[in-house]
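We just call them A, B, C and D in the order they show up, numbering each chain from 1.
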Amino acid sequence: MKVLLSGFEPFGEFKVNPTLEMVKEVQELGVEGVEIEIIGLPVVYGKCVDQLLAKMEEVNPDVVLSCGLAFGRAAITPERIGINIQDTAGEGDKGDNQGDKPVDRSIITEGPDGLFTTLPIRLMVERLVQEGIPAQISNTAGTYICNNTLYGILHHMHKKQLQIKAGFVHFPATPDMVVNRPNVPSMSMSDQVRGLALMIEAIRDSQTN
Amino acid sequence: MKVLLSGFEPFGEFKVNPTLEMVKEVQELGVEGVEIEIIGLPVVYGKCVDQLLAKMEEVNPDVVLSCGLAFGRAAITPERIGINIQDTAGEGDKGDNQGDKPVDRSIITEGPDGLFTTLPIRLMVERLVQEGIPAQISNTAGTYICNNTLYGILHHMHKKQLQIKAGFVHFPATPDMVVNRPNVPSMSMSDQVRGLALMIEAIRDSQTN
Amino acid sequence: MKVLLSGFEPFGEFKVNPTLEMVKEVQELGVEGVEIEIIGLPVVYGKCVDQLLAKMEEVNPDVVLSCGLAFGRAAITPERIGINIQDTAGEGDKGDNQGDKPVDRSIITEGPDGLFTTLPIRLMVERLVQEGIPAQISNTAGTYICNNTLYGILHHMHKKQLQIKAGFVHFPATPDMVVNRPNVPSMSMSDQVRGLALMIEAIRDSQTN
Amino acid sequence: MKVLLSGFEPFGEFKVNPTLEMVKEVQELGVEGVEIEIIGLPVVYGKCVDQLLAKMEEVNPDVVLSCGLAFGRAAITPERIGINIQDTAGEGDKGDNQGDKPVDRSIITEGPDGLFTTLPIRLMVERLVQEGIPAQISNTAGTYICNNTLYGILHHMHKKQLQIKAGFVHFPATPDMVVNRPNVPSMSMSDQVRGLALMIEAIRDSQTN
């Protein structure tokens, strides 16, 4: 089984993005029976998907698992659905790394409104919980770059009728990111790395069964 | 410098109390230049203090640092003040481990209303933040057993005019405790143990300077 | 313009459901230029939609606006999307009022994964904010009865190619519902009623422009 | 019975402070059997107390009830204790309206560490809850101007051995203050005004019994 992991480049006030560190660490540590490729994606609407699809073309994976930061969440949260919208009008009003601030803009004109992940998210969450790592299925990936990435790859697979397992997982902030905002939950990098490896194992096991 | 650390026995739905594990681990690992004694306290109004004072009598520490669980907090929080009240009427309405459910009852009749910790809590928080561990001073230890322990020891020192550094630190839940409540923040046991050791170092350094 | 408003019957520990009271009050107060019909729906998977569709058949509305309670939310939140899933496996694990506890079950076999509301939710939120009522677009209606109702009606319209404006709005708890859980946000019934009327006005104005 | 109510002038990003509006409204509406005096206090360490004490000197009240805003709280929260500290080092790091940013500074040198309110806060909370208004006792008024006001007046009474009932109540934001931060809880001004009047009634009834 070949897995393509993606993380993101830094954005906002943060100088590193833990998701990129995380996919590098998991690649280095390895998962038995799994070949791991990685890519860092730009925090830019549209481009995030373009670069992920180009990498898929290149490495031809069985599984694509994209990783993003959900500052404020306390658990690892595999996403159920990507939706056909780009919107930065919510709380925070942050544009992407090129200053784009869309409001209620479609990702793909005429694309379906929402597309479910093809990852076995229930099994992934169960594996994490068994191993003592807080996790739950999330029903919204938001309307920012993370959702754009998720919807973009699912739409590509839908259009091309590809049988790849693809999806997106949101991770909490790491403790160092919240030292000045001590009410914001965090999760240690080692638990996040372990969690990512466990989810890859759960996907691998679901394939072979 | 001799430090007495206390943790608590389990209570409520939890079968282990991470604070007791934590003080055991820190004692085992050790802190340079510090002799560490430990005790596990009952989650019972009054008795929690009695047993802590008996242990103090026995080991004669320079520093007493009590550790308690604050389910729901995201950071390590040294407490600023203990207050002369026992009250379980708040959200949750949990009695202690013997079923006692006081409402607005004094801990010490005629005792002062509040007593500040004598630990260097500002330095302790600064040390944690420097090392990337979320921390902040808390201005309330609640009105349950943790506050009872804090107020009880501070009142004893106040009455006896002891020059001991004494105080209380609240710690977050560990990840395994929140796997079924994935919105509740947690902190890995290894970060909590490291945090407790760092706070002891900060106290040690403040003494020798 | 004819508007069909739905609220829900009580569920869980609560003896009244404010959404049913709310739609009754708005019907009584009236909105200029708008004929208002109302219905109370059962908190039961599937049936919630069946009864709403039957009422639609009967009254032939231009707009269907369903109202549900989102205990824990602080603002009025029009929903962007309904998704094709029934799932009670999340935090709380509550079944419906007939004890049904589905896990990851489709609402409509072969139905699209997600369907966007056809209500002008951006305009509705803007109107509320202008009038000083906290509001924001929500990107998830959950996977319980509320989402079932939203997806069910959108799927019906999609299949029948109806041009009706239809959607779902989540409302906060009322203050009396949270007196024993004082950390849970609430909104006064009078603000909720005013908010619902303002949203109907916003829809009316968007139709005539 | 004569009651002196205080509210605060605006601070931070907000152009009005609801607590000042609230005490004006309650004075206007009146409470049976109670003479009400009001004052608006500056959001400045030290001065807040000086002006409150000067007003007390002038009007000679039986009860002093100070009202402050606790942005982020969902319920009305009578405070149990004022503590002898001025500290702006917490999250936010806001100075007062004159730019003063103390860190761990005593309000009164040699003053006691903490002083309990002399208001019947349990009865006040019970009355509010009975009337459907979310309320709970708070065990920390923070370390900003609100706590300064509370500690300052309690210390004055303590020193002068006055038998006045005095204390502080924190109120939630009003809905208009949170329209752009829709996750922050709020309470309608009419419920806040009603809540303040009910607390005055509870104090009045406790005096006469």
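Methods note: a contact is a pair of C-beta atoms (placed from the backbone, for glycine too) under 8 Å apart; a residue touches a chain by one contact, two chains touch by 3 or more.
Everything quoted here is computed from the prediction, not taken from an experiment.
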Comparing centres built from CA atoms, which chain ends up most distant from chain D? A
Count the residue numbers both chain B and chain D use at their shared interface, divide by all numbers used there, and answer same if that is over half, different if under half. same
So, what's the distance in Å between the C-alpha centres of chain D and chain B? 30
Counting only Cα atoms for the centres, state how far chain A is from chain B in Å. 38
Geometric centre distance via CA averages, chain C-chain B, whole Å: 46
Using the touch rule from the top of the page, what residues of chain B touch 2 or more other chains? 91, 136, 180, 182-183
Along chain A, where are the residues that touch chain B in the complex? 74-75, 77, 128-129, 132-136, 175-176, 178-180, 182-188, 190-191
Enumerate the contact residues on chain D facing chain B in the complex. 80-81, 83-85, 87, 89-91, 103-104, 112-116, 122, 136-137, 139-140, 142-143
